[in-house]
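Please see the structure below; I have some questions.
Which chain is which? They are A, B, C and D, in the order written, and residues in each are numbered from 1.
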């Protein structure tokens, strides 16, 4: 394992120190328990938006803390859900009296830990609502399983919901928007190479020199199918089919689209992939209103990408366009 | 009778066991999860042992509560809240006690295991730690009713849990991270069921 | 070779199409010859800033086209200088009557091709000045060689000079600022893994499982030294020493700092590296006024990073803070 | 005398030669450069040949000018402007001509090579294509003064260029991308000097 780190067990703390040093104007970092809050927290009379999850997906979530997006993020160990004490402390630190929304990616660990945190906060009189993101079409949805994983839609949700909160909407309104984003968002990912969890010291999985894993999770969880590598066009067509047919997205729909790198994918490739998706969208009559092309929800140094589509009405697009000022996403300021 | 010291020895033993089996459990979790179960368990029990050393609790309830709080704060993931709940519920049945008889041991595991079931909502056959916990609980209750000793009870629990752990191999996971794999989760042993067997084995070695 | 591409020979065109599809509000793309210009080009009565170079370094240069930064970028084949016809056409397309500045990274090919382009443009009455960036301290400087390579300072120069042009400064003033940035900027890079040029099909170099290359160029050119991998702290200390002692940067200096990923480095590692540099800077009395942490001048999928320091006076920092609206860098709008 | 057709055959031959040697030249450039020299040369001469086929020029000057323009537009890198300059300067000495005698051949190479030298500012010993061009030019002038034929002149040029190419191996590069390597550029043959030898060899095969 070659990584630009000091000690495998210290990567989360060392990276938090780097974020604190780099962005003192945008955020503050607590180390025990670990959480990041926006520099001006708590913001009075605003719903606070809190998220969190395992580390290794940067800029998600810490890089999205700031005006117009998250009030706080709780980083777990690499690929491991954070713990309730972090979430409780972060929630208290940002609570502005108008309630707190927890954005939770649908993994058993994240759900259970956020549940405990919500209980603890509610016991202390803070109004908490949780919204679970489960947008990964690679996973079969079923009442009898843990359901779908939460992936790319989380990024779009944090932006849109953060804007709604900034506009002064109530906790119920903000939570409703979050649920709508989740209902209308779908994603799928693929990988050319594995990631290596620092403390594990070796790649999570092995792929042959001509193989790819389609339907990969953001923690290197195996996907739908392992197959021979194909061209960017074939891969995008295959993944678009899976994502588009799931909701389904229909001709005339307006979309916010994200072509997201997994951490080790060069930008030149992400643009090649975006070009292929733009052609698919055109052929299907889908209108791309807004888009992100870059690394937003990653899986350490994994090479690969994910595609996220969100059916967005005019209100959602307005919230999307609202100013945002975070290390990872910035416009309008 | 199992003394406060013995319960403390159980936790200390678990620290050693999970440290030894860190790679093995992580390996199992690589195949159908995210390669952290061994790391999570080792981190949690290193912290739990240390917390007990720093603030030695005066009774078994307080001890198990301390373990629970430490696990919840340090493990994360799915196993953190689940094992955390186990020790929390177990602690509540032992409040103020400094030794446990066979009935006490039964209660400890019964409440603990029921806590895990309620928390995770998994049932036998879902390919989770419940596949080890549930048969262990049945074995504990059966043997206890027949007047068995703590050693006999825990022998039976370990044997049943081992069978349950082995039964996870052919299953398709329906709960936890492995469930995302669908059919591809077959032919792999569940890491959580494996760590549960280790927990019971350590109990057998220390509590009886 | 596993890459998310269609055909090795088409990566540049396919990626250009992706950029055109993704950013029609910011830029326009010409395919024959290949160049990218800002959407509102030519801007009347403004010095135009043009750069270019081999592809594979994205977002450099095309991702920096837009208001407040570049007026045009000329992408060559992967790691190969573009040709004078591209530069000539781009220069004409953005010339607003106040002269055009060419920002050239110091590689023989880039320098020669830009020279020809400047001759062609001047012959047609366009006032062109060229500034060469040569900031890589890994390479010994000498009158008798090709000199130092142009690397990270290029990014900072494009931002600062773009702002100066936007403020209406004359060609001479803009060129003087560019030369000052180059004089006060220094960089050095390192790699954990090689990149693979798509048309070559195999890694440019091989590194052992425990080796790194220090002083690497952005085209996978070998560096100063190959050595065993060290910790992030040791690597940053070693590279900081080389960079700081070169100018030298002195206690009390105000800096703009870039910790730049080579394309395959996860953001969590870049923050770990930034933390180490912040500590070095503190110990040496260097003041970090502004910073970038992310992928700005890359080398395809190479894992590694580069460190760039720029001694910046108050005027430079003001230009840095001016609004910029490009795919790769955006603030103030 | 070398005819317009022979000069055209030279360029067509170069297309074949650089396509055949694409990997070899790229390999040499991997060691001390950026792994593209063969790709660059092949791309340039495929385009040059095609341009001549699409618009067959009526005289040698026009033909060499077309080659120059195509190379400048398609090769890029350092070798694009350098070989582009070679053909541009060579073209200027042949304006309007449809055949070249020995003196014409001498002028073609003399002006071409001097163009490359002025453009790149390299001297013998810098480990560049000049290490092949310069001795070739000396050989061409020496043999021509002694009244040699075109065949004899180009034989001498090839032999001298080959020696020059081989002489680059032990050198430390002082120009071009290899110069960034300092001492580490030793013990590698310069790709540009190698492509220059190929250009002269093709001239010998077609112009005499």
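Here is the rule we go by: a contact is a pair of C-beta atoms (placed from the backbone, for glycine too) under 8 Å apart; a residue touches a chain by one contact, two chains touch by 3 or more.
Note that the structure is predicted; figures quoted are calculated from it, not measured.
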| item | value |
| --- | --- |
| Each chain counted as touching chain B and chain C at once | A |
| Chain centre separation (chain C, chain D; CA means) in Å | 32 |
| Distance from chain C to chain A - Cα centre to Cα centre, in angstrom | 29 |
| Where chain A and chain D are represented by their mean Cα positions, the distance between them in whole Å | 55 |
| Residues within chain C bordering two or more other chains | none |
| Two or more partner chains touched - positions in chain D | none |
| Category of the chain touch graph - line, ring, star, complete, other | line |
| Residues of chain C touching chain D in the complex | 33, 54, 76-85, 107-109, 112-113, 115-116, 136, 138-140, 144-146, 149, 197, 199-200, 204-205, 217, 219-222 |
| Parts of chain A lying in touch with chain C, wherever the complex brings them together | 2-7, 11, 14-19, 21-22, 55-56, 58-59, 63, 192-193, 209-210, 212, 229, 231-233, 235, 263-275, 278, 291, 293, 295, 298, 300-301, 303-305, 327, 330-333 |
| In the complex, chain B residues that touch chain A | 26, 30, 32-36, 39-40, 43, 72-82, 119-120, 173-177, 179-182, 184 |
